[in-house]
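Take this structure first; my questions come after.
For reference, chains read A, B and C in written order, and residue numbers begin at 1 within each chain.
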Amino acid sequence: MKKILFATTALVASAGVAAADVSFSGYGRFGAIDIDAGLNPAFDASGIYTRIRLQIDMTMEADNGLEFGARLRHQATSVNGAGYGGGFNGARFFARAGGFELGVGNIIGAIENMPGLYMGTQSAGIGLSGHTFSNLVTNTTSKGNFNWDAYSSGGAGADGVEVMYSAGDFSAHISYSDSPSGLVPAPFNVQQRVAAHVAYTFNDWTVALGYQDSDALVCALNNTYTGAFAPLTGPGCEDKALITVGGTVGPADLSLAYADNDGIGKWGLYANVEVGAATRVDAFVTSEEGVFGGETYGIGVSHNLGGGASLEAGFAKDDTVLDITTMDLGIRFNF
Amino acid sequence: MKKILFATTALVASAGVAAADVSFSGYGRFGAIDIDAGLNPAFDASGIYTRIRLQIDMTMEADNGLEFGARLRHQATSVNGAGYGGGFNGARFFARAGGFELGVGNIIGAIENMPGLYMGTQSAGIGLSGHTFSNLVTNTTSKGNFNWDAYSSGGAGADGVEVMYSAGDFSAHISYSDSPSGLVPAPFNVQQRVAAHVAYTFNDWTVALGYQDSDALVCALNNTYTGAFAPLTGPGCEDKALITVGGTVGPADLSLAYADNDGIGKWGLYANVEVGAATRVDAFVTSEEGVFGGETYGIGVSHNLGGGASLEAGFAKDDTVLDITTMDLGIRFNF
Amino acid sequence: MKKILFATTALVASAGVAAADVSFSGYGRFGAIDIDAGLNPAFDASGIYTRIRLQIDMTMEADNGLEFGARLRHQATSVNGAGYGGGFNGARFFARAGGFELGVGNIIGAIENMPGLYMGTQSAGIGLSGHTFSNLVTNTTSKGNFNWDAYSSGGAGADGVEVMYSAGDFSAHISYSDSPSGLVPAPFNVQQRVAAHVAYTFNDWTVALGYQDSDALVCALNNTYTGAFAPLTGPGCEDKALITVGGTVGPADLSLAYADNDGIGKWGLYANVEVGAATRVDAFVTSEEGVFGGETYGIGVSHNLGGGASLEAGFAKDDTVLDITTMDLGIRFNF
C-alpha cells in the first residue's frame, strides 16, 4: 500500500497540531548536456544529465518558542552515467529564536549564503545544471574555486559553527570552521576559515559585503569539468573580500558583483529578464584579472510549465585559460 | 514524537489538495533459505533470509497536465548475514502524458518490463526469494543472465532512455542505453543496448513480443548463487528475441514463453493455481538448449494472510550444468 | 513544494484509516565535547559533537491481527569532524501478536534490552553523548565492551533471531545469533551468542536477571575513546550473568546492577533525582574487579526545555587502567 505525503499548509497553520515535524522536499532535473573541456579534453562529456535532490527537514519547537531542527539531504548527480547512488550528507543542526539562528555541523557558510553571489535561477547559475559556475566572482582560475564553507550535498561539510541574524531590511551572517584539508599532509593540514557578510535592502535594491579569512596553505581548483590545473595558490589563497548590488528595473533583475580573491579581482554582471508570460532569459558576464584569467559568459532560457516545473536551457563559455564550453537542456521539477 | 504517514486515497482524490507528492511504499521479507550451489560448493548457504525494500516516489503535475517525477529505492537483501546496509539507488526520472511515458536514468527496460517474462508472484519467481530466477527464459547457462537493462535496486542502473506507450489493450516499450561494461577494458567497453516489446490483450490472453540488440563483447553469468562460470559468450551474446503468451483458465493463470538467446533457445511453462480460499500453488518448468543447458523447475505455495501479508514457501532445482537446489520459507508483508 | 508529516494520533486511532504505515521519528544532538583519553592520548579530542538519528518504522496488520513490520535507521555521529554521512543500517523485521514478538535480522538482543542495564536518561548514559558508557556493568576493561547482540545503528547488526514476551508485570526475552567475528580468522571465526533476560515489576520496583553464553574466542575492547588495548580475553570471554534492581524513592529513581563478566565482577549504582520543576541530576558509580579494573563515575544535568528538547551536560571519569575523562554540553531535541 502506498502512503502519500501531501501539502498541509492549512493543517500545520492550525494551532497545536504538532510540536515536531518531518518534512520532505526536493527537485529532479533530467536532460542532455555537452561539455567541451578545452584545456583538458579528458573531461569532455556528452550525454544524459540527471540530478535528484531529496531533502529531509526535522524540526520541533520547545516551550519557550525556541525552534530546534536538522536538515539531511540525499543528492545524486549524473553526467553521462557517473555520480549515482549513495546515502545522506552530514546534517546541519540549528537553534532559532526571533531573528537569530545558530547553525552547527554541515553549515551553510557566510560566503555561500551571501545575497547576489549566486544567480536567481533554478540552478543558481545558467541553464539546467549551472554549468561550471564560472558566474561566481569567488570562483577564479588563479585562486581556486568553491574554496569557502558551504552546505555539502553529498559529504560531511565543514563541521563548523555559524550565527545568522536578520531584522527588517538588515541581515548578517558569521561562520567559522576548523577542518583538516585533504590537500596538505598532517600536521600542516588544519584549515581555519572565518567568513562574514552583511546585507541591507534599500527599496528594491540589496547591497551585501562579504569577507573570508582562511589559513589554508593550498587551494584546489576542484571544478569537476576541469581536472588537474595548478593555480597560483599558496598561504592566504582563500582570502576574499566581495561586494554585490542587486535590484529590479522594470521586467529585469540586475546584479553586479566584485570580489578580491587574494589579490585577483573578478567582477560579474547578471541579468534575468521576463520576455513573455512564462519565459525568462538569464545572462551573465564576468572578467577575472591575471595571466590565467579572462572573460566568462553565459545565456539561458527558462520556460515555466507551472506547478513547479520548467524547461531550462543554457550555454556558457569560460574564456579563461581553461577554455570550457558547455550546453544543456532539460526539465526541472520541484516536489 | 512519531510522525505517521497513512493512506490518503480520499484526500488526494479531492481537488486541488496538492500538485506535488512524496509517497513511501515497499515490502519486507524474512524467513529461512537453503542453497545447495552444486557446481560451485563455495556458494552453498543456509540460514536467515531477509529483504527490505523502501521506495520513494516523488511526483508533481505541471499546469498543462504533464506529470513529472522520480523514483528512488533503498533495498537490502541478506542471505545468512551478507548484503545489508547502504543508501539509495540511482533515480529513474519520468515525464508522463496520456498513454505516453518518457523515462530517463535508471530505466525499467523494455525486456524487464515485458508481460509474461516474470511470474505473477510476490517474488516474481518461486517462493519467498525468487531463488536463482532460472524461471526466466532470458537467463541461460550458456549466454549469461540478467544481461538486459533493468531498474537497479542497489546501483546506478543503465543510465538510459525509454519510451512507453499504452492505449486500451495495446502497449509498447522501447529502451536504449549506452553504458560502459565492467567486463571489458576501455576503449572496447562501450555497450549499447536497444530493446523493445509490444503486447496485446485478447479477451483474457496477453501476447507479447520482445527483442534486444546489444554490442556487448562479453556476457556475465552474474548469478549470485553460481560464482565464476565461463559461458559461451562473445560478440552478440546479449542479442535476444522472445515471445510470451499468458491467460486465465478457471482457477489457473497459465503462461508460456520462448526466447532465442543468441542462438540458444529456452522455453518456459508457468502456472499459478488457486487451491483454496487463500492459498495458491505456483509452478514452472524450463528447458535450455546446448551443452550447458538442461531443465529447471520449481514449485511454491503462497498463503494470503490479508492486509498485504502472506506466507511464502518455495523449492527450485536448476538441472543445467550448474546443478543448484534452493528452498525457502517465510513471511512477505507490504507497506 | 514542501510536504509536511505531522502528528496524527487522532486520525490513526480512528477505525480503518490504514492497514499499513510508514512513520518517521528520531532526534538530533549538538554541542561540545572534550575527551582526555588517558592511556592512549592519540584518542584525545575536543570540539563539536553532533548526532542525527532518523528512524523509519514500516508496519502493517494482517487480517488475523498479526502485526508485521521493519525498522530502518540512519544515524551519523560526529566528534570534531569525523563520522558523518552514509546510508541505512540493517533492518530489524518483526511479527507481533498479543504479548509475543518475534524479531529477525538486526535484532535488539536480550542483554541490550534488559531493564536496568542502561540509565533512564536521553543518552542512556551520562550527559549529551553518553560518554564511554563505562556506566554499563557489562562493559569491562578486562573482558571487552559492547560484546553482546544489540540493534546496530550504522551496520548490519547481528543477523539473529529473538523472541520477546510480556504479560502484565512480567517480561522475558531470548535472542540468538550466529555471526562471523571480525577478530578471528576463518574457519574459527563463527561466534554463536545465546542471551536471555526475565524481568518482573513489584509495585514500583523492577528486578531483572540476564544471561549470555557465547563461544567467541577473542573479545574486543571496541571503546571508540580507547584505541588498542589488550584485555584478558579468551574462549568464553563474552559469557555474562547479571542482575538489576530499580525503583522510585520520592523524587529519585534509584538502580543497582551487578554483572559477572566471565569471572570479572562489576557493580553499578545509579540515581536520577528531580531537583526542580524542569531539572534533573543524574549520577552513577561503578566498580570493576581485577588488575585492569577500578572505579568509574559520572554526573550529569538535564534541563527540560519542553516539547521534547532539553539541555544536557555531563562529566564522566573512568578510573580503571584506561584513565579516561570526558565532558560534554549541548542540546538534544526529539522529532
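What we mean here is this: a contact is a pair of C-beta atoms (placed from the backbone, for glycine too) under 8 Å apart; a residue touches a chain by one contact, two chains touch by 3 or more.
Given the structure is predicted, the values throughout are model-derived calculations rather than measurements.
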Chain copies touching (chain B, chain C) - same or different residues, decided at half shared: different
Size of the rotation, in steps of 5 degrees, that lays the CA trace of chain A over chain C: 120
Chain B and chain C, separation of their C-alpha mean positions in angstrom: 39
Where chain A touches two or more other chains, by residue: 1, 3, 5-7, 18-22, 24-25, 60, 86-88, 308, 334-335
Footprint of chain A on chain C - complex, ascending: 1-7, 18-22, 24-26, 28, 30, 47-48, 50, 52, 54, 60, 74, 76, 78, 80-81, 84-88, 305-309, 331, 333-335
Chain B-facing residues of chain C, complex: 1, 3, 5-8, 11-12, 17-25, 56-64, 66, 68-70, 72, 86-91, 93, 95, 104-106, 155-157, 159-161, 178-180, 308, 334-335
